[in-house]
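Shared between the two complexes below is chain A, which has chain B as its partner in the first and chain C in the second.
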Partner chain A sequence: MRAGAYPAFALTAFQSRLAYRNQVWASAFGELVISFAFIAIWTAAFAGQVVVDGATLPEMITYVMIAGLLYWNTDRLINDVGEAVRTGDITIFLLKPLSYPASLLATHFGHYVFDQLVVTLPVLLIVGFSVGLLPPASLFHALMALPFWALSWLMLFTLGALCGLLAFWLLTAFALEWFLKGIMALASGAIVPLWFMPGWLSGILGYLPFAWVSYYPTAIYLGKLDPPATFLYFGIGLAWLAALGGFLAWLWSRARHRLIVQGG
Partner chain B sequence: MAAIISADGVDKTFRQLKRQSGLAGGLRSLFSRTYTEIRAVSDITFAIEPGEAVGYLGPNGAGKSTMIKMMTGILTPSAGALSVLGREPHTNRMRNAREIGVVFGQRSQLWWDLPVRDSFALNRHIYDIPEARFADNLAFLTEMLDMGAYLDRPVRQLSLGQRMRAEIALALLHDPKIIFLDEPTIGLDVVAKDAVRKFLARVNRERGTTIILTTHDLVDIEEICPRLIMVDDGKLLFDGELTRLRADLGSRRRLTLEFATDPGPLPLATATLSRDEGAAKHYLLEDEAISLIDVLNEVGRGHGLKDVKLEEPDIEEVIRTFYQNKSRLAGAAS
Partner chain C sequence: MLHNITLIPHLVRMYVRTRMEYRGAMFLAWLSQGFSYGAMYATIALIIARFDNLGGWQWPDMALLLAFHLLAYSLGASLSFTQFRDIEEKVRLGTFDAILVKPVGPWTFLVFSGLNIGYGGHVILATGLMAWSLTQVGLAWSPLLVLYFVAALISAAMLTAALMTMIGTTALVWVRSRHLFSIFFGFWELARYPLNIFPAPLQMLMITLAPLAFLAFVPVAVILGKPVPLLGAWAPLASLAAGPLCMLLAVFHWRWCLRNYQGAGG
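Right after this comes the complex of A and B.
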């Protein structure tokens, strides 16, 4: 196994996306429409009030945009893994001198960078110049938002890969995809921040790994957590990532064992 | 020379969940599951020398793919010893993978949306191929497989024949010592099949790459593989030269004699008359030792012999006879 091969996977995935120009335009346009829809909803919800539950309207608009940027669509990842399992193409990866999970991570990192660069960033710029977005609350919060961003993507990748791998036992990733989507829509805070939820609900969701996908990184960008809390939640997030990553590694070793003993 | 692949009493048994039919059966299976054992490969022993080209042949479900998967390290044998390049393949999957190339006729290893060249470039990184070596190999393979015209086209735009050539090139870029091909000519037209066969035979001859090939198409075997391993029901039936198989089965060459006019009945000691059409007479040559000269000497001059045609039995017929004999033997044994 050569580490140099993995960046090549990311690059190849990125290149493969350039093949469909129309898809790029369509997704960017769709993203833009959804963003303006969310902005309209929050503007209406504030109904002229300046502060609701400690958040201002500009904060809310910034929240929706950043949380949306972080809430990356894992469909492609789940499908890739699920299909590879269902069709048996996964054996092709076992025939190469590389680690399948690592090549998957590299490939989808390529997709992620593509999505952010080509779809999300332009939308963010358009909204930034037309509606306006808030800068990070402070230099500290700006700097901390970056590792939280990395953690957010790794968490998403791990959750998506887990769902895809479960197809080994369930033979379809379709139902899991919907399950994850439903959970994520609520628990990641991508649509509604946890601070607007009833105390008992945000109490639970605040400790589930999904909240690290959108809620915490965005809340930190907006300065809603003080430095000690920021570090504390970063630590909890890391622990979650380690636990889920460990589960993923275990599941993959089980899947591999099943493949090489049972032939899939 | 030491064997590059050796199998010693290799077995592979799969445990398959027994599905019970009907709603009641389905409900019952929620609580108690019964399994049936399927022996896909049973007691296979062979040794392959470096540089050999071996055809692995058998009907559907004979255990060909299972054996290929075990040799490539993605399936563990249930019993017996298997060694590829001096290593146990499944415990050394990564190291094994560096030194072998694999082509599945039914699965693609190319990136669908990208030009062929990009998939090749990715493989350069995966196998850590030195730049100069990569360029040489790419040039050689492009020329030999006539890929120049479509190297920069996305894979999804290629014909099946073009794609298969690209798959084979992809599997050879890192100079594997052994290349495994699982039905590489499946679905190809005559021209494309021919190109693939000629190329594989040449790679085997010139580069000394060991070739293991499973196929349904017997012409593949005839043109690429001097040696044949035949399996059925997971068991080894035959291992040896194709010519020996012919000889073992009593190679019955077909002889046709054409005369200017019907010479009347013409029984021969050297050949058995199979069909008499008057001016054209068909014989079977049962004995390998008898030559055409012997027959012509016996016929002699004076019958107005116009033309002679001698046909070797084609491989399809040889194999068919072989499997028929086998089932007769099995029938007699039980």
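Right after this comes the complex of A and C.
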């Protein structure tokens, strides 16, 4: 199949979400409530202190909002793979002249764009106008935040797809989804940035791929890394992505040869 | 009524047996959910470790709040969440009609034929964390406090079950209701934190329209002797009444929805 056919998967995913309007406003409302909760949590934590570990309260509010934008829910991706394995629908994909991981990437990119435009963007605007969000630290940091955003999305997709493919061996995706959720809560920096963690912990988490999902892109946006460090961490992130992408390709090559379809 | 009650052990036994056929997957799910909640609580512990407290709550107080929240939620949700979340699918496919003609009350059948034992991981983590936190907070135990603790936990579990029942049952008249769970879980997440850190309108909302403050904050604040915003001295009584009152409301809602159920069309 030509690469040009994959955008159709993204478009279909985007359009399919338009059909569930109630889900959209409910998700946006839920997201808004959680956003204000996190703002309240950090406001209470700072309790009048102006700067803690080099970060101010407005920076932390911007941090939680941007980090939330970057950390998308991988449940749908892992569930899709798990359901395809459980029901045997995966065989339909194997018969098609397409790469299953690539079709997943296109489909979930469509879902991501939909969520950003319809759920996250309105929430960001409301928070921006009511509480206030900081602009990027400089033009350099603004420009570098964009490739870090792309890297973040690809990293989380790869991690989610790896968890999903493990369902070929475990025959359940439910537990994998929860394991990834737990790891991401702590290691991605989406809730607590690495600069608030003890040195030994941030030293470890700072070199694991999960930190490239939320922590580094947001830290770049806020100007917490200077230009040489920005390029260095971008390079390390690319190396992680290449390694995880290679592992995903290898796992997929193994998974499709050990497929068991019950009752077939 | 008696017939319904005698059927309950059979319904539960049947469901547990089906789940135990896949015990590897079930224990893995317990482990993964326990791990996930543990990681989330670790992030809260990190915030408190760095900032000393959150709205005047130290880590042992927060640990008790989180444990109470998780235990009350899992007890209530085991009787309601998956059962009423999936009601939408049953209405859409028409399989809910089959439940209506069974020689057993539809509520009894729905709740107990799907009694979710998947919350084992939640319960183990919550009781462990609760046991630890209770040794740290230095409570002056008395028979009255023990009684209040148990009653407040039951009330909070009833509150969870009632809210989930009402949300899920709405599908009988709206056909869809799953999206409403997104709103529930938004407030549910807030209920993990001390209510006093939120702005006043949100505090009011969490005590009235979305009464999830009664899930953990109000009872735990009463147990620890901390002030409860808006409720003050009424907090102990309100926390005990919230669950039964919401359950009563859920009963009326369930009956009203059943009376107005017309299927998904066709």
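Here is the rule we use: the second predicted complex is superposed on the first by the 258 of 264 C-alpha atoms of A that agree within 3 Å, B and C clash if a C-alpha of one lies under 4 Å from a C-alpha of the other, contacts with A are read in each partner's own complex, and residues count from 1 in each chain.
Definition applied: a contact is a pair of C-beta atoms (placed from the backbone, for glycine too) under 8 Å apart; a residue touches a chain by one contact, two chains touch by 3 or more.
Because the structure is predicted, anything quoted here is derived from the model rather than measured.
Asker: So, does A:Phe46 touch the first partner chain B, the second partner chain C, both, or neither?
Answerer: second
Asker: Regarding the shared-chain residue A:Ile92, is it in contact with chain B (first), chain C (second), both, or neither?
Answerer: first
Asker: Can A:Ala229 be said to touch chain B (first), chain C (second), both, or neither?
Answerer: neither
Asker: Contacts for A:Gly182 in the overlay, against chain B (first) and chain C (second): which applies, first, second, both or neither?
Answerer: In the superposed model, A:Gly182 contacts chain C only, not chain B.
Asker: Using the superposition on chain A described above, determine whether A:Ile191 touches chain B (first), chain C (second), both, or neither.
Answerer: second
Asker: Looking at A:Phe174 after the superposition, I want to know if it touches chain B, chain C, both of them or none. Which is it: first, second, both, neither?
Answerer: second
Asker: Quick one: is A:Ala19 in contact with chain B, with chain C, with both, or with neither? Answer first, second, both or neither.
Answerer: A:Ala19 sits against chain B, while chain C stays out of touch.
Asker: Using the superposition on chain A described above, determine whether A:Leu146 touches chain B (first), chain C (second), both, or neither.
Answerer: After superposing on A, A:Leu146 lies clear of both chain B and chain C.
Asker: What is the contact status of A:Glu31 with respect to chain B (first) and chain C (second): first, second, both, or neither?
Answerer: second
Asker: Of chain B and chain C, which one contacts the greater number of residues in chain A?
Answerer: Of chain B and chain C, more residues of chain A lie in contact with C.
Asker: On chain A, what residues does chain B touch that chain C touches as well?
Answerer: Of chain A, residues 20 contact chain B in one complex and chain C in the other.
Asker: Quick one: in the complex, what on chain A touches chain B?
Answerer: Chain A residues touching chain B: 1-2, 4-5, 7-9, 12, 15-16, 19-20, 87-89, 91-92, 94-98, 259-263.
Asker: Applying the document's contact rule, which stretches of chain A touch chain C when the two form their complex?
Answerer: 20, 22-23, 25-27, 29-34, 36-37, 40-41, 43-47, 52-53, 170-172, 174-179, 181-183, 185-186, 191-192, 196-198
Asker: Under the touch definition given earlier, write down the residues of chain B that touch chain A in their complex.
Answerer: Going by the criterion above, the answer is residues 14-15, 66, 69, 72-76, 90, 93-95, 97-98, 100, 102, 104, 107, 109, 111-114, 118-119, 121-122, 125-128, 154.
Asker: Using the touch rule from the top, collect the residues of chain C that touch chain A in their complex.
Answerer: 22, 25, 28-29, 31-33, 35-40, 42-43, 46-47, 49-51, 54-55, 176, 178-180, 182-183, 185-187, 189-190, 193-194, 197-199, 202
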